[in-house]
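Look for chain A in each of the two complexes below; its partner is chain B in the first and chain C in the second.
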Partner chain A sequence: MALNYFVIGYYALLIGASCMTAHYNMRGAFLALFSLTLASFVMGIIGGEPALWSVTVGAGVIALCAGTAFAFREFLSIILPHEGAKAMRSAPLTASFGLFVIGTYAIAGIFAPIIAPFGEAEVIAQAFEPANEEMLLGADQLGRDLFSRLVYGARNTVGLALVATIAAFVMGALAGLLAATVGGWFDQFMGRFADVIMSIPSLIFALLMLSIFGTNLFVLVIIVAIIYSPRVFRLTRAVAGNIVVMDYIEAAKLRGEGLWYLIRREILPNSTAPLIAEFGLEFCFVFLLVAGLSFLGLGIQPPTADWGSMVRENATLISFGEITPLIPAGAIALLTVSVNFVVDWMLYRSSGLKE
Partner chain B sequence: MADKKKDVLLQIKDLKIEGYSDEKWVEIVHGVDLTLHRGEVMGLIGESGAGKSTIGLAAMGFARDGCRISNGSVEFDGMELTTTSEADRRALRGSRIAYVAQSAAASFNPAHRLIDQHTEAPVYHRMMKRMESQEDAIQLYERLRLPNPDEIGFRYPHQVSGGQLQRAMTAMAMSCRPDLIIFDEPTTALDVTTQIEVLLAIRDIVEQFDTAAIYITHDLAVVAQMADTIKVLLKGNEVEEADTRTMLENPKDDYTKSLWAVRSFQRDEKPRPGGDSVPVVSVKNVDAAYGPVKVLEDVSFDVYAGMTVAVVGESGSGKSTTARCITGLLPPTSGHIEFKGEVLPPSYKQRSKDQLRQAQMIYQMADTALNPKVRICDILARPAEFYGGLKGGELKARVDELLDLIELDPAKFYYRYPPELSGGQKQRIGIARALAAEPTFIICDEVTSALDQLVAEGILKLLDRLQKELNLAYMFITHDLATVRSIADEVVVMKEGKVVEQGPKTEMFTPPHHPYTDLLLSSVPEMDPDWLTQLVKERGVEQLGENADRD
Partner chain C sequence: MSDVVSIVLKRLGLGLITLFVISVIIFLAVEMLPGDIAQAVLGQGATEENVAALRKQLGLDQPAPIRYLDWLAGAVVGDFGVSLVTQSPVGEVIGPRFANTLFLACYAAAIAVPVAIILGVIVALLRNTLFDRVANVMALTSISSPEFFLGYVLILYLSVKTGMFPSIAKLSPDMTFFELLNRTFLPALTMVLVVVAHMMRMTRAAIINLLSSPYIEMARLKGVPAWRVIIKHALPNAWAPIINVVALNLAYLITGVVLVEVVFVYPGIGQLLVDSVTKRDFTVVQACCLIFAATFILLNLAADVLAIITNPRLRYKK
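For the complex of A and B:
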């Protein structure tokens, strides 16, 4: 390994930073930095300068993400009203990063026709044409602009997953609340029914149903909702089960309140926190299932842009060492990770430190 | 006792503790000094929020999550606890300083046997071998007069009663023979008859081993029995400190005097309305059961308009079950409930809206009785809207009127949520919710037992005033006889699901009593520091031991 300015600067920076953290008694940061220094010695010897470059780039990307997250958190805590601002100030960086990514995706999805330079089904170039001034990410297997399709994909894939998750939640949560409030045989019946649905492998169930009813969006949403509603049902029932035994529920019952009032005004407001957290989690699963179905050719049908099928269509490029097919896959991964960051934060908030 | 001056064990100087709330550190204890000698028992009293428990924990060098010791020193036997390492403090805790928590049921691990939890500390601190410690535990159980001391340690926490559990907890605190024990309201959750046994056990064992103790409570009569010196706290400040007798006979500060005067609230007894007036609620020969277990047997009593009937008894005597039968949550297996002469359907589901409206309930735990996610105005508006059909401005006026009635400022409380209120305020909202339905009969289920005495007195006075203004009938469930004495017109004494004795209050409080009533009455702690000693002389230790066997 040649000792050029980059390598010398690299080690000088790491060692200097390690010493600083050690001096200011920041144990965690010191351990992380110094183990990175030690690992860099090994990597430098084995991988040479390129290995150190990739570490630098990785660190730069993480620093950029952290910076964005930090700035976005400050931004939100200034523009949001009182309650939201208070919540944001105590939010971890991961959560604000997640919010930032989700926000970006949402904007991309909502304003897709304005943002995307070309239509999602518009053929504008040769197949697999590399990136140029017009096409940010090059063309796909039919010569359509990959960037435009990615933007439209945000609308189609995320939109579908969102609708399916909401449907699953409405079904599952309503059934769970009813089961917990009514109790008795109805509770038992719903519980066992949920067990039956959960015992069927989800992908196989989806494939079966889609081949019976045909692949259209409506069927897709209903099937995904049916597959995921039992999980929501179980959670809701467990949460509501702890609430229905409270004195205020007894007071409402003795007042003569009806079932619907009990569910809507007394039980639901007290179970929203875990339900919202679960919503984020389920959204990821649904999203992955939809993408998986698309990859198998049973989800959203062409020429509609969709991340799952984009991976499949461009898969041949992988053997040429191109990373193009991994971009939609990366988009899926980034969103999933971001949603989980936000969900983690919400779970933390709902589990302990409220009020 | 106070005269045996020995060397100083614990010295707290200018202790300040801060709590984190609303993104700021707020000082909750403002510079308290405390000196405790070896073998001395100090009582810390004050209402909730006075910082009693926080100071108690600080004596172990411990601050709760979200709290920090910001200033001052805590010196335990020559060792400064605020600056020593966590490891050193851990070595002290359990071995030289022990802690007995308020709720033994919540503090024992339900998955392990009592004796295994008992031996954990001595084995951990390398003071005893496991078998030695077990033998020692059995001896301690014997000294604390637990029934079957050889065997009781091998039970799980749910297999013994609350009073026994509290004594087992005290035994556990003793396991390493600490120099200092901190008792944090050890008897608050117990009823009077079990309270005596626990108090006596604690007092004896503290005397036998010459252990110093800090006894935290809001019950003055209890602290009078236990402590050599008493320190009164108010909102994180010390009000005054003196030895027990001086404090009881001659309190200096106005606040202390007001604490002493709490139990003086008393109301004249009203006689039953004469002639052929019909009782508002009449319980007729009610039997009830949870599944196959019979819990009520032939319970009968009447409640007349404008009168308060107190139902007393220890826990498990069927007081609350009777209330559940009246409200219709638990349909009786035989007998029935009459409301103004007409028979009520057994289950609340079959009752008409008007029948439900007339009988309302106020709960013991205001925390769980109010939905934390609903604003005060909506909580109070709902019954008015549901029964009275009020809307818009009329409804708002009604809510304001209700808030005025319970002496809370509508402008301040209208849009708040229950968790933003103090315990006493929550209980007032609970009362207002019951009133919003314009009832004629209200069941008060231990409404004051979760509150400290000044607040409880306020609630009692409010209930009394409302009764006069609105001619309400109350069924007052309680195990606190001081409450009965102050507010009741008639008393029903229950034991094991049966009515033992009933009659007008004055009659009930003048002998001769039923033996059980007598036991309840004589078990209420009095402000006299010699009361417990006297009582033991009268009843004999064996008698107390028998009670222990029974529960």
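For the complex of A and C:
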């Protein structure tokens, strides 16, 4: 390993930072930094300078994410009204990073035609042309602009997953609320029905149904909704089951209120917190399933831009050491991670897992 | 003991009923085809005679309940009928592929289970430290990534850039066992990454839950050393949740294997299922789905039964 300025600076910075943290009694940070230093020795000997570079780049990316998350948290806690600001101030950085990413994707999806420089099916270059001034990320296997397709993908893939999640949620929550309020044989029947659906692996069930009904978007949404509604059903039923036995429900029943009124005005407002967190989790599952099906060529059909099928179409590039197919796959992963971060924070807040 | 036996028997019975219902669903799903299989295979332009001939050949002239019983009786002994596309017996096509898939799943499980449990226990003991938080973020990241993302990242960095492992998991019968392990390392590692994260988080939750119970606090207060608290007091009660976690995640492997096999072109049953769905080869789809669903249910069943058996509170008569 050549002893140049980069390597010397690298170790000087790490050791200096370790000493600083040790001096100020920050045990966790010191342990992390110093073990990174020791690990760098080993990696530097095995991988040479490139290994140290990748550590530096990785640390830089993490620092950039943390910085963005910190700034975004401050921004939100200033512009939000009192309640929201209070919640934001205590939020971990991961949660505000998640909110930032979700916001970015939402903007990309809503304003896709304005942001994307080209249309999603517009052929503008040779196949697999590398990136240039016009095309930020190069061209795909038919010569379409990859960046534009990525932006449109935010609209198509996320939109489809969102619609399917909402469908699953409405079905599951309605059935759960009904089962909790009506009870009796209806409750039993729905419970066993949910058990059966949950005992088939979701991807396998989806493949079976798609092989029979063919691949079109309407069928896809219905199938995904049926597969994931039992989870919502169970949660809603459990939450609503605890509320139904309350005195105020009894009072409302004695007042002569109808079933629909009970569900809408008495039960639903008191069970929103766990349901919102469940919505986030559910979205992650649905999104991964839809992306997986598209990757297998059974989801959104071309030429519509969609992240799952973009990975499959560009997969051959991976054997030439190009990261192109990783970009749409990474976009999927980033969104799921972000939603998970936010859900984690919400669960932590609502469940009192504050040991 | 009779308590445990009756609970286990009840659970087994429930599992068998579920299995039966699933087989009916898989059978009926194909019945729901617009028209029937013969019509769907031959397409709109087929003549009446051709459709009728295929119907007779597939036994579609029999009523549905009889065909279901025939199919089920065959399936139990591994005879799933004839593929609609290649005309070869489905059982023969599936057999070796199913063995490959099982091998991959076992390989992944053999790495994932010990790693996940050890990590989960460590993270639970070091909870709310920096290490715990970093591990939590990494676990969430790996759970949230689609399997094909992890797979391609591994291919890019461990195969294309450094050439440490082969990226395509082609198998041939004359390979040595070590060669086989090397060939299938990347697909196994992909599944390990996903499953370890799940298992670690669940183990952590189970252990933390346990460590906050009063009898652990009692043991600590009377001065038992930390390691003895874990081994003598916590672990016997932790087995049930840990076994549950392991079995649930092995069941999860069964689904994850489909995408991983496609990424690495691994000759397993998941790849076959996806191919058959695109070709609309219903008998193969039915067979694959039945095998996947049955494995999934059996693993869940095993989890429940083991959890009942290892529960120390059920072992003694009240």
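Everything that follows uses one rule, which is that the second predicted complex is superposed on the first by the 352 of 355 C-alpha atoms of A that agree within 3 Å, B and C clash if a C-alpha of one lies under 4 Å from a C-alpha of the other, contacts with A are read in each partner's own complex, and residues count from 1 in each chain.
Definition applied: a residue touches a chain if its C-beta (ideal position, glycine included) is under 8 Å from a C-beta of that chain, and two chains touch if they have at least 3 such contacts.
These numbers come from a predicted model, not from an experiment.
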> Of the partners chain B and chain C, which touch A:V337 in the superposed model: first, second, both, neither?
Replying inline: second
> For A:L296, is the partner it touches chain B (first), chain C (second), both, or none of the two (neither)?
Replying inline: second
> Among the partners chain B and chain C, which is in contact with a greater number of residues of chain A?
Replying inline: C
> Thinking of the overlay built on chain A, is A:L288 touched by chain B (first), by chain C (second), by both, or by neither?
Replying inline: second
> Thinking of the overlay built on chain A, is A:E266 touched by chain B (first), by chain C (second), by both, or by neither?
Replying inline: first
>> Taking the stated contact definition, name every residue in chain A that is touched by chain B in one complex and by chain C in the other, in rising order.
In response: 355
> Can you name the residues of chain A that touch chain C in the complex?
Replying inline: 28-29, 31-32, 94, 195-196, 199-205, 207-212, 284, 288, 291-292, 295-298, 308, 311, 315, 318-321, 323, 325-326, 329-330, 332-333, 336-337, 339-341, 344, 355
> Where on chain B does chain A make contact in their complex?
Replying inline: 23, 327-329, 348, 351, 353, 356, 360-361, 363, 365, 368-374, 382-383, 386-387, 419, 433, 437
> For chain A, which residues are in contact with chain B within the complex?
Replying inline: 86, 89-90, 246-248, 250-251, 253-257, 265-266, 269-270, 355
>> If we count contacts the way the header does, which residues on chain C are in touch with chain A in the complex?
In response: 18, 21-22, 25-26, 29-30, 32-33, 127-131, 134, 137, 140-141, 143-149, 152-153, 155-156, 160-161, 167, 208, 212, 251, 254-255, 258-259, 262-263, 273-274, 276-278, 280, 282, 285-286, 288-289, 292-293, 296-297, 300
